[in-house]
Amino acid sequence: MQELINRAKELLADGTVARVLGWKAGDLPYNPEPAYFETEEDLKDFVYNGFCGANLSKYMIEASKLEGKTMVCLKPCDTYSFNQLIKEHRVDREKAYIVGVGCKGKLDIERIRKQGIKGIESIEGAEITDEADTLKIQTIYGEKSISYADGMLERCHVCKGKDHMIFDEQIGESKETKDAERFDEVAKIEAMSPEEKFAYFRSELSKCIRCNACRNACPACSCRKCVFDSNKFDSSQKANVDSFEEKMFHIIRAFHVAGRCTDCGECSRVCPQGIPLHLFNRKFIKDIDELYGEYQAGADTDSKAPLTNYTFEDAEPSIVGKRG
Amino acid sequence: MQRIGVFVCHCGSNIAATVDVSKVAEMSLMEPGVVHAEDYQYMCSEAGQAKIAAAIKEKNLTGIVVCSCSPRMHEATFRKAAERAGLNPYMVEIANIREHCSWIHKDMEEATKKAVILMRAAVAKVNLNAPLQAGESRVTKRALVIGGGIAGIQTALDIADAGYEVDIVEKTPSIGGRMSQLDKTFPTLDCSACILTPKMVEASAHEKITIYTYSEVEKVSGFVGDFTVDIRKKARSVDMNKCTGCGVCQEKCPSKKAPSEFNRGLNTRSAIYTPFAQAIPNVPVIDREACIKFKTGKCGICSKVCQAGAVDYEQKDEIISEKYGAIVVATGFDTINLDKYDEYAYSQSKDVITSLELERVMNAAGPTHGHLERLSDGKAPKEIVFIQCVGSRCSDDRGKPYCSKICCMYTAKHAMLIRDKYPDVNVTVFYIDVRTPGKNFDEFYRRAVEQYGVNYIKGQVGKVIPQPDGKLLVQGSDLLDNRQILKEADMVVLATAIEPNPDVRKIATMLTASIDTNNFLTEAHAKLRPVESPTAGIFLSGVCQGPKDIPETVAQAGAAAVKAIGLLAKDKLMTNPCTAQSDILLCNGCSTCENVCPYGAITYEDKEVNDHGIRETRRVAVVNNALCQGCGACTVACPSGAMDLQGFSNRQILAEVDAICR
Amino acid sequence: MSSEKKQAELIKEISGVNPLKCMKCGKCSASCPSYNEMDIKPHQFVSYVINEDIESLVNSKSLWKCLSCFACVERCPRDVKPGKLIDAARQVVVRQKDQNYLLADEIPELLDPELPQQLLVSAFRRYRR
Amino acid sequence: MPLENKEFKPKIVAFCCNWCSYAGADLAGSSRLTYPADVKIIRVPCSCRVNPMFILRAFEKGADGVIMCGCHPGDCHYSTGNYYARRRMTLLFSMLDYIGVENGRTRVEWVSAAEGVKFSETMNSFVEKIYSLGENVRLGDLRCKS
């Protein structure tokens, strides 16, 4: 972390960048938040630890409009999102000084809590510099410990890899965290009976409170104005006349980002209700891979997206029924 | 709020017999915005249109719904009527209660219910309609004719005579097409070449006609009035400007083993060749597959003997890009492949031939110099059997389900000509039906029977069995006599089904012209617009649209020319105003729409915007309305919903969905 | 439904043939090796089924003269397949004797002198494929 | 509300492209090839105009089946529209299947202007399928907290 701060100071000092986009400590030990730092003084609040899961690439849309360059800290998985945003002309590559930061897996406070750890006061072992395999957690009920891996976000268990797709320089080391298959969860649901599938999704989606956190965090959901807020589709729920949005929101959202979603997992991470929203996106990715060839959104900035592409021999929609 | 009038048509009894039309009108008054409703016998009639106009004026209508036949039938009629009454034509919607309702349902209650729902959907849509203005696009006053057979030649001549430039693109080295391969033509027995060659000469000499032979259409873009076409001029290896057509090169060419396409492979030609003596242009091409120079690098005799120095081995394919206002397809036909008809022994015996091959055999310039002889041993045949409907009227995948139309007549012609020239030869025709609709056609067929003694037997042939002595045993049945026939023949002629030129699929795809299950190009209307493709600016000439004989082809060629001339005579065309439009404030500038647009109608520009007080420069999509054809691909691809299609907007379609599911 | 009509329907069902598709070209009769032995000719089978005269068809010599060579089935341009109609008519006869299609393996032990030999040949042809 | 006595009349929405399938439906009509009145056709310029949102909206509003018809691949009036539509619909249908909605309620069929028979046959078989599936209860409201 210190190396990162030192480099940020240098870049600010020599005028390479006008500001730094990173994370600052929050009011609790496990909720650092995205922040701009414009002076050396500001940087005293800078943190980079196991809880810095937030994907900062989306912030570059606004930062691209600011005067001067912005140093942005991107984890390996965030760089996919950044590439995708370049492809969609949403960020200006010239306005970003990308520091690829190392990643040893990010922590999920909800997951830690689910293991019965409540009343957390401090967490030791979340600092990125440590090679900590265990998290020591001080709670009002005393000290508890769990393995780092057990506290990790779902997405880190199926990590796409620790290579930065795009960067100006790299700081910090990474550690492989992948210990599960990306599509296993999707395949498990696919194997269910229609009744089980429906019951599962209904119970999950019924938790939704339409807080729009998923939409706001998603780097693919970067529309100036979301269709759900626009009257062009009769889908905005400004008055109580229409519940269309309520019912189909997540499916439509997933469709809108299909072929553009990099599977960064922010939607699931930020959902206050713990809905596994990534399962929608990942289903589309799995289908695209299987039907149209493997495609990773954000792996490059010039390939054709699967939904704006076709081949003469594409599968017919009836394949869905045939696959069973 | 709109003021909508609903007009329900009885269409005589076509609609009224199954749909309670007055109920539909009555129910419409309960729909939001509807202030006027009436029903009438024939809405499309002058009196019906007058009723619409009167209501628009009296009730001050802002939109109308006509519940009638398909919009493909009369949408334009009602739009014009509305326009005359001072209403924007795009404020008209049609509820299709005939083709989609009264004609397919029998129960009155059920059909009426459905008609009401279709009316509701149309009312819901028109409530959201907005007046649209058609734009204008220019017309390039030049036509392209694809195919240089009699259809293409006639179309080109007619267009050129009207004073417009025409280009003919022909795949083979010469124009002339199938007709040039024919010996005589029915029912008058004129010599085919005698009536065709003057037309070929006229076309080549016409100052308004440019002929590209040995060339193919490579790419088509644009739209009616403004097509851009890439034509590939294949390397001829002979300089068109230098060649004098003396023919010495063909004489001296040592490679003479290539099968002659013109003679249907019945004999061979040289590697440097013109397909036939009267070829236009009279400039040979080098078949690089057969040429010794191209295969081994040695030879070069043609170049040495050419006094004009026209032979050019280095010549390359050349792509010409040209603009056209109208395109006429005249790609013609070929006979089907007979591999699947083993029972007729076509591949087993040289003496079983197709009718088109017989044309070459009978022709003085053909492989036998016009002598009727067996191709296996050159002997004069004494007994000839003709088999009708080989591959035609066949419902399995071996043949074609349609009647090829020309076979009955040309078989009568062949039979007659043979009996005339060789009275000692017996001719038997096995037929299923003899179809002779046409002027002087049945008289012609009767002459074959009555005057020339051709033996017609009703019944299809089951099998042709080549015998060890070279004869062909024909096993057929006589359905009228109820007996099976075994007949020894010296020659068997198959009236092989015709099919559209296989290249037509590729061409139709380039032109986005629709094609039917048999690869015939679809006409815009089977009866009323038979020479136009549903794709604007594309016209159909000859057999590419359906089987036809020469007089019909020439007539259709002229009709296609007239349609093309009608288009070229206009200086400007009204463009479809149902085009995509991007909402500048919603556009992300992501380029997704640009990626799916088939017309290149979307570009991105940096534009100054004022988004609720925020002034900034944004990269936004801009639609070129002259290029946009209104498919809507971009509207669905657009993640933010900035792109919408006028006339088929998201809200309009959703309103229709809602009305139907209500 | 009259019994004739029923039987005609049954023949259509067993054969899977729509006799209305026939365009009366006579290629079946032209192809038939048993033509001269038959009282009702192959192309006529079709009209007998259309006219629902199953009685005559079932009692015809042709029913047992057909070799099931399937030349007519192969060559029929309209997918009418008179051979299948005859096959179905035979099946109607067999069913009247309370029997049904056989599996090839079952045939040896079921050999019944009453069964027409032609049927066996037909069955062999069918199951050989 | 007791619904048992009420005969099930499905609501079926068919999106037809203007150039091929709508003309195919017209041909079915002019050839008097009947299919159930439950099918209501919405005309769109091209199958690529069909937004997945329209289909979801139809289901939400109580449709029991939605079918989309377009020109055969390769024959699109706009050259490529149906290729995009094919991918979009494949993914959408797969997603619906994934969340437990019967696949039989959605269908894509390519019907040319010449295929009146196919249009009528397609509609007959689709309606039959919808009758066998019964009323659509799932897509009405995914989040319904019953």
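Think of it as A, B, C and D in the order they're written, each chain with its own count starting at 1.
By our rule, a contact is a pair of C-beta atoms (placed from the backbone, for glycine too) under 8 Å apart; a residue touches a chain by one contact, two chains touch by 3 or more.
Because the structure is predicted, anything quoted here is derived from the model rather than measured.
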Chain pair whose interface holds the most contacting C-beta pairs: B-D
Gap in Å, rounded to a whole number, between the CA centres of subunit B and subunit A: 54
Cα-centroid distance, subunit B relative to subunit C, in whole angstrom: 44
For subunit B paired with subunit D, centre-to-centre distance based on mean C-alpha positions, whole Å: 30
Separation of mean Cα positions, subunit C and subunit A [Å, integer]: 70
For subunit B, residues contacting two or more additional chains: 596, 637, 650, 654
Of all residues in subunit A, the ones touching two or more other chains: 227, 233, 307-309
Interchain contacts (touch definition) - all pairs: A-B, A-D, B-C, B-D
Contacting residues of subunit B [partner subunit C, same complex]: 343, 389, 393-396, 398-399, 432, 458-463, 475-477, 479, 482, 484-485
Touching residues (chain side subunit C, partner subunit B) in the complex: 21, 23-32, 35-36, 41, 43, 71, 75-79
Of all residues in subunit D, those that touch subunit B in their complex: 11, 13, 18-20, 22-23, 25-26, 28-30, 32-35, 37, 40-46, 48-54, 57-58, 61-63, 71, 74-81, 84, 88, 112-115, 120
Subunit D contact footprint on subunit B (complex, rising order): 70-73, 96, 98-101, 103-107, 110-111, 113-114, 117-118, 121, 508-509, 512, 514-517, 522, 534-535, 578, 596, 598-599, 629-633, 635-637, 645, 648, 650, 653-654, 656-658, 660-662
Sites on subunit A touched by subunit D in the complex: 186, 189-190, 192, 194-202, 205-206, 208, 227, 233, 235, 243-244, 246-248, 250-252, 254-255, 258, 280, 283-284, 287-288, 291-292, 306-312, 314-321
